[in-house]
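You will see two complexes here that share chain A, one where it goes with chain B and one where it goes with chain C.
Our next item is the complex of A and B:
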(Lines of atoms letter the chains of each structure in order from A and count residues from 1; the text may use other names and numbers.)
(Lines give C-alpha, C1' and ligand atoms only; values in the text may rest on other atoms or scores of the structure.)
Protein backbone atom coordinates (compact mmCIF):
# COMPACT_ATOMS: atom_id res chain seq x y z
CA UNK A 1 0.00 0.00 0.00
CA UNK A 2 1.16 3.53 -0.73
CA UNK A 3 0.44 6.65 1.29
CA UNK A 4 1.67 10.22 1.26
CA UNK A 5 1.86 12.88 3.96
CA UNK A 6 2.28 16.65 3.99
CA UNK A 7 4.97 18.14 6.24
CA UNK A 8 2.53 18.88 9.07
CA UNK A 9 2.50 17.16 12.46
CA UNK A 10 -1.25 16.53 12.25
CA UNK A 11 -0.37 13.90 9.61
CA UNK A 12 0.86 11.59 12.42
CA UNK A 13 -2.78 10.81 13.15
CA UNK A 14 -3.33 9.90 9.49
CA UNK A 15 -0.25 7.67 9.57
CA UNK A 16 -1.74 5.75 12.52
CA UNK A 17 -5.04 5.27 10.68
CA UNK A 18 -3.26 4.14 7.49
CA UNK A 19 -1.24 1.54 9.41
CA UNK A 20 -4.35 0.23 11.08
CA UNK A 21 -5.96 -0.25 7.67
CA UNK A 22 -2.82 -1.99 6.38
CA UNK A 23 -2.74 -4.27 9.42
CA UNK A 24 -6.40 -5.25 9.07
CA UNK A 25 -6.14 -5.96 5.36
CA UNK A 26 -2.92 -7.97 5.66
CA UNK A 27 -3.66 -9.83 8.87
CA UNK A 28 -0.74 -8.34 10.80
CA UNK A 29 -0.40 -8.70 14.57
CA UNK A 30 -1.45 -5.41 16.27
CA UNK A 31 1.77 -5.42 18.33
CA UNK A 32 3.77 -5.41 15.08
CA UNK A 33 1.60 -2.61 13.69
CA UNK A 34 2.33 -0.65 16.87
CA UNK A 35 6.09 -1.12 16.32
CA UNK A 36 5.77 0.21 12.76
CA UNK A 37 3.52 3.05 13.89
CA UNK A 38 6.02 4.16 16.52
CA UNK A 39 9.10 3.89 14.27
CA UNK A 40 7.46 5.53 11.25
CA UNK A 41 6.02 8.25 13.53
CA UNK A 42 9.51 9.02 14.85
CA UNK A 43 10.98 9.26 11.34
CA UNK A 44 8.06 11.29 9.98
CA UNK A 45 8.29 13.65 13.00
CA UNK A 46 12.04 14.13 12.34
CA UNK A 47 11.48 14.81 8.64
CA UNK A 48 8.65 17.30 9.33
CA UNK A 49 10.50 19.05 12.18
CA UNK A 50 14.06 19.18 10.82
CA UNK A 51 14.05 18.04 7.18
CA UNK A 52 13.07 21.22 5.38
CA UNK A 53 14.53 24.69 5.64
CA UNK A 54 11.82 26.44 3.62
CA UNK A 55 8.22 26.78 4.73
CA UNK A 56 6.57 25.42 1.59
CA UNK A 57 4.53 22.23 1.41
CA UNK A 58 6.40 18.96 0.88
CA UNK A 59 5.17 15.41 0.36
CA UNK A 60 6.64 12.45 2.22
CA UNK A 61 5.92 8.98 0.88
CA UNK A 62 5.32 5.65 2.58
CA UNK A 63 5.21 2.28 0.89
CA UNK A 64 4.38 -0.71 3.11
CA UNK A 65 3.77 -4.32 2.17
CA UNK A 66 3.81 -7.82 3.52
CA UNK A 67 6.41 -10.14 2.00
CA UNK A 68 5.58 -13.57 3.41
CA UNK A 69 6.44 -13.36 7.11
CA UNK A 70 8.13 -9.97 6.80
CA UNK A 71 6.55 -6.53 6.95
CA UNK A 72 8.56 -4.04 4.91
CA UNK A 73 8.07 -0.26 5.07
CA UNK A 74 9.97 2.42 3.14
CA UNK A 75 9.71 6.14 3.84
CA UNK A 76 10.96 8.57 1.22
CA UNK A 77 11.49 12.34 1.52
CA UNK A 78 13.41 15.04 -0.30
CA UNK A 79 14.52 16.89 2.84
CA UNK A 80 18.05 17.31 4.15
CA UNK A 81 20.25 14.21 4.05
CA UNK A 82 19.86 12.35 7.35
CA UNK A 83 21.11 8.83 7.97
CA UNK A 84 19.45 7.66 11.19
CA UNK A 85 21.86 4.72 11.41
CA UNK A 86 24.93 6.95 11.76
CA UNK A 87 23.76 10.54 12.44
CA UNK A 88 22.16 9.94 15.83
CA UNK A 89 23.67 9.17 19.21
CA UNK A 90 21.99 6.54 21.42
CA UNK A 91 20.65 7.86 24.74
CA UNK A 92 22.23 6.88 28.05
CA UNK A 93 19.45 4.90 29.74
CA UNK A 94 21.14 4.62 33.11
CA UNK A 95 21.39 8.27 34.21
CA UNK A 96 19.29 9.99 36.88
CA UNK A 97 16.36 12.33 36.17
CA UNK A 98 18.58 15.40 36.50
CA UNK A 99 21.20 14.19 34.03
CA UNK A 100 18.99 12.36 31.61
CA UNK A 101 19.13 14.19 28.29
CA UNK A 102 15.95 15.01 26.46
CA UNK A 103 16.12 13.54 23.00
CA UNK A 104 17.74 10.84 20.90
CA UNK A 105 15.05 8.32 21.79
CA UNK A 106 13.15 8.25 18.50
CA UNK A 107 15.95 6.76 16.42
CA UNK A 108 16.87 4.46 19.30
CA UNK A 109 13.34 2.94 19.04
CA UNK A 110 14.02 2.04 15.39
CA UNK A 111 17.27 0.30 16.28
CA UNK A 112 15.61 -1.58 19.14
CA UNK A 113 12.31 -2.56 17.53
CA UNK A 114 13.08 -3.27 13.90
CA UNK A 115 14.82 -6.43 12.62
CA UNK A 116 16.59 -4.60 9.79
CA UNK A 117 17.15 -0.99 8.78
CA UNK A 118 18.53 0.25 5.51
CA UNK A 119 19.25 3.85 4.51
CA UNK A 120 20.10 5.26 1.11
CA UNK A 121 20.55 8.79 -0.16
CA UNK A 122 19.74 8.91 -3.85
CA UNK A 123 19.22 11.84 -6.21
CA UNK A 124 18.25 14.21 -3.41
CA UNK A 125 15.99 11.73 -1.61
CA UNK A 126 16.32 10.00 1.77
CA UNK A 127 15.09 6.43 1.54
CA UNK A 128 14.73 4.53 4.80
CA UNK A 129 13.54 0.92 4.76
CA UNK A 130 12.58 -0.98 7.90
CA UNK A 131 11.76 -4.67 8.16
CA UNK A 132 10.23 -6.69 10.95
CA UNK A 133 8.92 -10.23 11.09
CA UNK A 134 5.20 -10.61 11.76
CA UNK A 135 4.14 -12.66 14.75
CA UNK A 136 1.18 -14.88 13.97
CA UNK A 137 -1.77 -14.54 16.28
CA UNK A 138 -3.14 -17.78 17.71
CA UNK A 139 -6.39 -18.86 15.95
CA UNK B 1 -5.84 14.01 22.53
CA UNK B 2 -8.07 14.99 25.43
CA UNK B 3 -6.70 16.15 28.77
CA UNK B 4 -8.81 16.21 31.90
CA UNK B 5 -7.64 17.69 35.15
CA UNK B 6 -8.94 17.31 38.68
CA UNK B 7 -7.61 17.69 42.18
CA UNK B 8 -7.93 15.09 44.89
CA UNK B 9 -6.70 16.47 48.26
CA UNK B 10 -3.18 17.73 47.37
CA UNK B 11 -2.78 15.61 44.24
CA UNK B 12 -3.39 16.95 40.76
CA UNK B 13 -4.62 14.22 38.48
CA UNK B 14 -4.07 14.75 34.78
CA UNK B 15 -5.95 12.16 32.70
CA UNK B 16 -4.90 11.59 29.09
CA UNK B 17 -7.12 10.18 26.38
CA UNK B 18 -6.01 9.35 22.84
CA UNK B 19 -2.60 9.74 21.23
CA UNK B 20 0.38 11.57 22.70
CA UNK B 21 2.66 12.33 19.74
CA UNK B 22 4.62 15.31 18.37
CA UNK B 23 1.36 16.85 17.14
CA UNK B 24 -0.40 16.71 20.51
CA UNK B 25 2.39 16.79 23.11
CA UNK B 26 2.31 20.63 23.26
CA UNK B 27 -1.10 20.44 25.00
CA UNK B 28 0.31 18.29 27.80
CA UNK B 29 3.37 20.50 28.08
CA UNK B 30 1.09 23.51 28.71
CA UNK B 31 -0.94 21.69 31.37
CA UNK B 32 2.15 20.45 33.22
CA UNK B 33 3.94 23.81 32.98
CA UNK B 34 0.89 25.49 34.50
CA UNK B 35 1.07 23.11 37.48
CA UNK B 36 4.80 23.77 37.91
CA UNK B 37 4.19 27.53 37.79
CA UNK B 38 1.40 27.22 40.35
CA UNK B 39 3.88 25.42 42.64
CA UNK B 40 1.75 22.28 42.70
CA UNK B 41 4.26 19.57 43.58
CA UNK B 42 2.19 16.37 43.39
CA UNK B 43 1.01 15.20 40.00
CA UNK B 44 -0.44 11.93 38.79
CA UNK B 45 -0.67 11.33 35.06
CA UNK B 46 -3.47 8.82 34.57
CA UNK B 47 -2.84 6.89 31.32
CA UNK B 48 -5.84 4.54 31.45
CA UNK B 49 -7.24 5.93 28.19
CA UNK B 50 -3.92 6.79 26.59
CA UNK B 51 -3.67 4.65 23.44
CA UNK B 52 -0.22 5.65 22.23
CA UNK B 53 2.92 7.55 23.16
CA UNK B 54 5.97 8.49 21.05
CA UNK B 55 9.30 10.01 22.10
CA UNK B 56 7.70 13.47 21.82
CA UNK B 57 5.39 12.50 24.70
CA UNK B 58 8.27 11.09 26.73
CA UNK B 59 10.18 14.32 26.17
CA UNK B 60 7.38 16.38 27.74
CA UNK B 61 7.09 14.00 30.72
CA UNK B 62 10.86 14.05 31.31
CA UNK B 63 11.03 17.86 31.11
CA UNK B 64 8.17 18.06 33.64
CA UNK B 65 9.81 15.50 35.94
CA UNK B 66 12.95 17.66 36.03
CA UNK B 67 10.84 20.71 37.01
CA UNK B 68 8.91 18.82 39.71
CA UNK B 69 12.16 17.52 41.12
CA UNK B 70 13.30 21.13 41.61
CA UNK B 71 10.07 21.80 43.52
CA UNK B 72 10.87 18.77 45.68
CA UNK B 73 7.66 17.35 44.28
CA UNK B 74 6.82 14.15 42.51
CA UNK B 75 5.16 13.01 39.34
CA UNK B 76 3.79 9.50 39.01
CA UNK B 77 1.99 7.56 36.29
CA UNK B 78 -0.76 4.98 36.42
CA UNK B 79 -2.42 2.31 34.24
CA UNK B 80 -0.19 2.13 31.18
CA UNK B 81 -1.53 -0.03 28.34
CA UNK B 82 0.90 -2.66 26.94
CA UNK B 83 2.04 -0.51 23.98
CA UNK B 84 2.68 2.53 26.17
CA UNK B 85 4.42 0.39 28.76
CA UNK B 86 6.71 -1.12 26.12
CA UNK B 87 7.80 2.38 25.02
CA UNK B 88 8.57 3.28 28.66
CA UNK B 89 10.59 0.09 29.10
CA UNK B 90 12.70 0.52 25.95
CA UNK B 91 13.45 4.12 26.96
CA UNK B 92 14.52 3.22 30.47
CA UNK B 93 11.73 5.51 31.74
CA UNK B 94 10.38 2.81 34.05
CA UNK B 95 13.32 3.59 36.35
CA UNK B 96 12.76 7.38 36.16
CA UNK B 97 9.02 7.42 36.91
CA UNK B 98 7.08 5.68 39.63
CA UNK B 99 4.46 3.69 37.72
CA UNK B 100 1.40 2.15 39.37
CA UNK B 101 -1.08 -0.45 38.16
CA UNK B 102 -4.11 1.55 39.22
CA UNK B 103 -4.99 5.17 39.86
CA UNK B 104 -5.94 4.33 43.46
CA UNK B 105 -2.51 2.82 44.21
CA UNK B 106 -0.83 5.88 42.72
CA UNK B 107 -2.97 8.31 44.75
CA UNK B 108 -2.20 6.39 47.91
CA UNK B 109 1.54 6.41 47.18
CA UNK B 110 1.56 10.16 46.48
CA UNK B 111 -0.48 11.03 49.58
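Our next item is the complex of A and C:
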Protein backbone atom coordinates (compact mmCIF):
# COMPACT_ATOMS: atom_id res chain seq x y z
CA UNK A 1 0.00 0.00 0.00
CA UNK A 2 1.19 3.52 -0.74
CA UNK A 3 0.43 6.65 1.24
CA UNK A 4 1.63 10.24 1.16
CA UNK A 5 1.76 12.92 3.83
CA UNK A 6 2.25 16.66 3.83
CA UNK A 7 4.92 18.15 6.08
CA UNK A 8 2.40 18.96 8.83
CA UNK A 9 2.33 17.26 12.23
CA UNK A 10 -1.43 16.69 11.92
CA UNK A 11 -0.51 14.02 9.35
CA UNK A 12 0.68 11.75 12.17
CA UNK A 13 -2.95 10.86 12.88
CA UNK A 14 -3.43 9.90 9.25
CA UNK A 15 -0.32 7.72 9.45
CA UNK A 16 -1.81 5.84 12.41
CA UNK A 17 -5.09 5.30 10.56
CA UNK A 18 -3.26 4.12 7.43
CA UNK A 19 -1.26 1.57 9.42
CA UNK A 20 -4.42 0.24 11.08
CA UNK A 21 -5.94 -0.23 7.63
CA UNK A 22 -2.82 -1.97 6.35
CA UNK A 23 -2.74 -4.27 9.37
CA UNK A 24 -6.40 -5.20 9.05
CA UNK A 25 -6.17 -5.91 5.32
CA UNK A 26 -2.95 -7.93 5.57
CA UNK A 27 -3.63 -9.93 8.72
CA UNK A 28 -0.76 -8.39 10.65
CA UNK A 29 -0.40 -8.86 14.39
CA UNK A 30 -1.51 -5.63 16.16
CA UNK A 31 1.71 -5.69 18.19
CA UNK A 32 3.71 -5.45 14.95
CA UNK A 33 1.51 -2.61 13.69
CA UNK A 34 2.08 -0.88 17.04
CA UNK A 35 5.86 -1.14 16.55
CA UNK A 36 5.67 0.23 12.99
CA UNK A 37 3.37 3.01 14.14
CA UNK A 38 5.82 4.06 16.84
CA UNK A 39 8.88 3.94 14.56
CA UNK A 40 7.22 5.60 11.57
CA UNK A 41 5.66 8.26 13.82
CA UNK A 42 9.13 9.11 15.17
CA UNK A 43 10.66 9.23 11.69
CA UNK A 44 7.82 11.28 10.17
CA UNK A 45 7.98 13.69 13.14
CA UNK A 46 11.72 14.12 12.55
CA UNK A 47 11.26 14.73 8.83
CA UNK A 48 8.43 17.25 9.34
CA UNK A 49 10.17 19.04 12.23
CA UNK A 50 13.76 19.16 10.98
CA UNK A 51 13.90 17.96 7.38
CA UNK A 52 12.98 21.10 5.48
CA UNK A 53 14.61 24.50 5.56
CA UNK A 54 11.84 26.27 3.64
CA UNK A 55 8.22 26.69 4.66
CA UNK A 56 6.64 25.36 1.49
CA UNK A 57 4.56 22.21 1.27
CA UNK A 58 6.40 18.93 0.79
CA UNK A 59 5.17 15.39 0.29
CA UNK A 60 6.56 12.45 2.23
CA UNK A 61 5.85 8.97 0.93
CA UNK A 62 5.27 5.64 2.66
CA UNK A 63 5.17 2.28 0.94
CA UNK A 64 4.35 -0.69 3.14
CA UNK A 65 3.77 -4.30 2.18
CA UNK A 66 3.90 -7.83 3.46
CA UNK A 67 6.66 -10.01 1.99
CA UNK A 68 5.94 -13.49 3.32
CA UNK A 69 6.59 -13.33 7.03
CA UNK A 70 8.18 -9.89 6.84
CA UNK A 71 6.52 -6.50 6.97
CA UNK A 72 8.51 -3.99 4.93
CA UNK A 73 8.00 -0.21 5.13
CA UNK A 74 9.90 2.44 3.18
CA UNK A 75 9.63 6.14 3.91
CA UNK A 76 10.88 8.60 1.29
CA UNK A 77 11.36 12.37 1.60
CA UNK A 78 13.26 15.08 -0.19
CA UNK A 79 14.40 16.89 2.95
CA UNK A 80 17.93 17.36 4.20
CA UNK A 81 20.10 14.26 4.05
CA UNK A 82 19.71 12.39 7.33
CA UNK A 83 20.88 8.86 7.97
CA UNK A 84 19.26 7.80 11.23
CA UNK A 85 21.62 4.84 11.46
CA UNK A 86 24.70 7.05 11.70
CA UNK A 87 23.61 10.67 12.23
CA UNK A 88 21.80 10.19 15.54
CA UNK A 89 23.55 9.49 18.84
CA UNK A 90 21.84 6.97 21.08
CA UNK A 91 20.68 8.45 24.38
CA UNK A 92 22.47 7.42 27.55
CA UNK A 93 19.67 5.57 29.30
CA UNK A 94 21.84 4.45 32.20
CA UNK A 95 22.44 7.94 33.50
CA UNK A 96 20.65 9.40 36.52
CA UNK A 97 17.30 11.10 36.11
CA UNK A 98 18.88 14.55 36.57
CA UNK A 99 21.08 14.00 33.53
CA UNK A 100 18.63 11.98 31.44
CA UNK A 101 18.14 13.53 28.01
CA UNK A 102 15.38 12.69 25.58
CA UNK A 103 17.17 13.51 22.31
CA UNK A 104 17.70 10.55 20.04
CA UNK A 105 15.13 8.36 21.77
CA UNK A 106 12.87 8.09 18.72
CA UNK A 107 15.71 6.82 16.52
CA UNK A 108 16.80 4.53 19.35
CA UNK A 109 13.33 2.96 19.30
CA UNK A 110 13.71 2.37 15.59
CA UNK A 111 17.03 0.57 16.04
CA UNK A 112 15.67 -1.53 18.90
CA UNK A 113 12.29 -2.49 17.47
CA UNK A 114 13.02 -3.24 13.83
CA UNK A 115 14.74 -6.40 12.62
CA UNK A 116 16.50 -4.70 9.70
CA UNK A 117 17.10 -1.09 8.66
CA UNK A 118 18.51 0.29 5.45
CA UNK A 119 19.16 3.91 4.49
CA UNK A 120 20.00 5.32 1.10
CA UNK A 121 20.37 8.86 -0.19
CA UNK A 122 19.51 8.93 -3.88
CA UNK A 123 18.97 11.88 -6.20
CA UNK A 124 18.08 14.24 -3.38
CA UNK A 125 15.81 11.80 -1.54
CA UNK A 126 16.20 10.06 1.82
CA UNK A 127 14.98 6.49 1.56
CA UNK A 128 14.65 4.58 4.83
CA UNK A 129 13.51 0.97 4.75
CA UNK A 130 12.56 -0.96 7.86
CA UNK A 131 11.70 -4.64 8.13
CA UNK A 132 10.16 -6.63 10.94
CA UNK A 133 8.92 -10.19 11.07
CA UNK A 134 5.20 -10.59 11.61
CA UNK A 135 4.15 -12.73 14.54
CA UNK A 136 1.16 -14.86 13.69
CA UNK A 137 -1.80 -14.65 15.98
CA UNK A 138 -3.01 -17.96 17.38
CA UNK A 139 -6.11 -19.32 15.60
CA UNK B 1 -5.96 12.66 24.81
CA UNK B 2 -7.65 13.39 28.12
CA UNK B 3 -6.50 13.84 31.69
CA UNK B 4 -8.74 13.09 34.67
CA UNK B 5 -7.88 14.15 38.18
CA UNK B 6 -8.80 11.29 40.52
CA UNK B 7 -7.37 12.65 43.73
CA UNK B 8 -5.60 15.88 44.63
CA UNK B 9 -5.16 16.37 48.37
CA UNK B 10 -2.40 16.98 50.89
CA UNK B 11 -1.17 13.39 50.65
CA UNK B 12 -1.01 12.48 46.94
CA UNK B 13 -1.73 13.50 43.39
CA UNK B 14 -3.58 10.80 41.42
CA UNK B 15 -4.48 11.30 37.79
CA UNK B 16 -5.46 9.17 34.79
CA UNK B 17 -4.25 9.68 31.25
CA UNK B 18 -6.57 8.50 28.48
CA UNK B 19 -5.82 8.05 24.79
CA UNK B 20 -2.78 8.22 22.53
CA UNK B 21 0.26 9.92 23.99
CA UNK B 22 1.47 11.11 20.60
CA UNK B 23 2.38 14.59 19.39
CA UNK B 24 -1.22 15.78 19.34
CA UNK B 25 -2.11 14.08 22.61
CA UNK B 26 0.86 15.54 24.47
CA UNK B 27 0.17 19.03 23.14
CA UNK B 28 -3.40 18.78 24.46
CA UNK B 29 -2.61 17.57 28.00
CA UNK B 30 0.99 18.64 28.77
CA UNK B 31 0.25 21.82 30.71
CA UNK B 32 -2.55 20.23 32.70
CA UNK B 33 -0.37 17.17 33.30
CA UNK B 34 2.48 19.21 34.76
CA UNK B 35 0.07 21.31 36.81
CA UNK B 36 -1.58 18.15 38.19
CA UNK B 37 1.69 16.36 38.96
CA UNK B 38 5.00 18.26 39.16
CA UNK B 39 3.51 21.54 40.35
CA UNK B 40 1.67 19.92 43.29
CA UNK B 41 4.88 18.63 44.93
CA UNK B 42 3.19 15.45 46.20
CA UNK B 43 3.83 11.72 45.69
CA UNK B 44 2.06 10.96 42.43
CA UNK B 45 0.14 8.13 40.78
CA UNK B 46 -0.47 8.16 37.03
CA UNK B 47 -3.09 5.66 35.87
CA UNK B 48 -1.91 4.48 32.43
CA UNK B 49 -4.60 1.83 31.87
CA UNK B 50 -6.25 3.75 29.02
CA UNK B 51 -3.06 4.94 27.31
CA UNK B 52 -2.78 2.94 24.09
CA UNK B 53 0.33 4.47 22.49
CA UNK B 54 3.29 6.56 23.59
CA UNK B 55 6.03 8.24 21.52
CA UNK B 56 9.28 9.87 22.67
CA UNK B 57 7.52 13.20 23.18
CA UNK B 58 5.19 11.52 25.68
CA UNK B 59 8.16 10.00 27.46
CA UNK B 60 9.70 13.46 27.68
CA UNK B 61 6.51 14.71 29.35
CA UNK B 62 6.58 11.86 31.89
CA UNK B 63 10.30 12.38 32.53
CA UNK B 64 9.79 16.11 33.06
CA UNK B 65 7.34 15.44 35.87
CA UNK B 66 9.53 12.72 37.36
CA UNK B 67 12.60 14.97 37.40
CA UNK B 68 10.72 17.76 39.12
CA UNK B 69 9.06 15.49 41.68
CA UNK B 70 12.20 13.56 42.52
CA UNK B 71 14.07 16.85 43.06
CA UNK B 72 11.44 17.54 45.73
CA UNK B 73 11.84 14.09 47.24
CA UNK B 74 8.55 12.75 45.85
CA UNK B 75 8.06 9.44 44.07
CA UNK B 76 5.91 8.96 40.96
CA UNK B 77 4.22 5.70 39.98
CA UNK B 78 2.80 4.48 36.69
CA UNK B 79 -0.10 2.10 37.25
CA UNK B 80 -1.78 -0.54 35.09
CA UNK B 81 0.25 0.24 31.98
CA UNK B 82 -0.88 -1.73 28.90
CA UNK B 83 1.69 -4.31 27.68
CA UNK B 84 2.66 -2.63 24.39
CA UNK B 85 3.05 0.75 26.08
CA UNK B 86 4.98 -0.90 28.92
CA UNK B 87 7.39 -2.32 26.34
CA UNK B 88 8.06 1.18 24.96
CA UNK B 89 8.65 2.52 28.47
CA UNK B 90 10.96 -0.40 29.25
CA UNK B 91 13.04 0.29 26.12
CA UNK B 92 13.43 3.88 27.33
CA UNK B 93 14.49 2.49 30.73
CA UNK B 94 11.70 4.35 32.50
CA UNK B 95 11.32 1.30 34.73
CA UNK B 96 14.49 2.56 36.47
CA UNK B 97 12.95 5.94 37.22
CA UNK B 98 9.26 5.36 37.89
CA UNK B 99 7.62 3.11 40.40
CA UNK B 100 5.67 0.58 38.34
CA UNK B 101 2.62 -1.01 39.89
CA UNK B 102 -0.28 -3.23 38.89
CA UNK B 103 -2.76 -1.72 41.32
CA UNK B 104 -3.42 1.66 42.90
CA UNK B 105 -2.98 0.13 46.35
CA UNK B 106 0.46 -1.19 45.46
CA UNK B 107 1.43 2.17 43.95
CA UNK B 108 0.24 4.08 46.99
CA UNK B 109 2.20 1.84 49.32
CA UNK B 110 5.38 2.26 47.27
CA UNK B 111 5.24 6.02 46.75
CA UNK B 112 4.45 6.70 50.40
CA UNK B 113 7.20 4.40 51.70
CA UNK B 114 10.06 6.31 53.32
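Criterion: the second predicted complex is superposed on the first by the 139 of 139 C-alpha atoms of A that agree within 3 Å, B and C clash if a C-alpha of one lies under 4 Å from a C-alpha of the other, contacts with A are read in each partner's own complex, and residues count from 1 in each chain.
Here, a contact is a pair of C-beta atoms (placed from the backbone, for glycine too) under 8 Å apart; a residue touches a chain by one contact, two chains touch by 3 or more.
It should be emphasised that the depicted structure is a prediction, and the values quoted were computed from it without experimental measurement.
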Superposed partners chain B and chain C on chain A - clash or fit: clash
Partner chain(s) touched by A:86 [first = chain B, second = chain C, both, neither]: neither
Contacts of A:94 with chain B and chain C, given as first, second, both or neither: both
First, second, both or neither for A:13, with chain B first and chain C second: both
Shared chain A surface residues [contacts with chain B and with chain C]: 9-10, 12-13, 16, 31, 34, 37-38, 41-42, 45, 93-94, 97-98, 100, 102, 105-106, 108-109, 112-113
Sites on chain A touched by chain B in the complex: 9-13, 16, 31, 34, 37-38, 41-42, 45, 48-49, 91, 93-94, 97-98, 100, 102-103, 105-106, 108-109, 112-113
Interfacial residue positions of chain C with respect to chain A in the complex: 20, 22-24, 53, 55-57, 59-60, 63, 66-67, 70-71, 84, 88, 91-93, 97
Chain A contact footprint on chain B (complex, rising order): 19, 21-23, 52, 54-56, 58-59, 62-63, 65-66, 69, 82-83, 86-87, 90-92, 96
Of chain A, residues touching chain C in the complex: 9-10, 12-13, 16, 31, 34, 37-38, 41-42, 45, 93-94, 97-98, 100, 102, 105-106, 108-109, 112-113
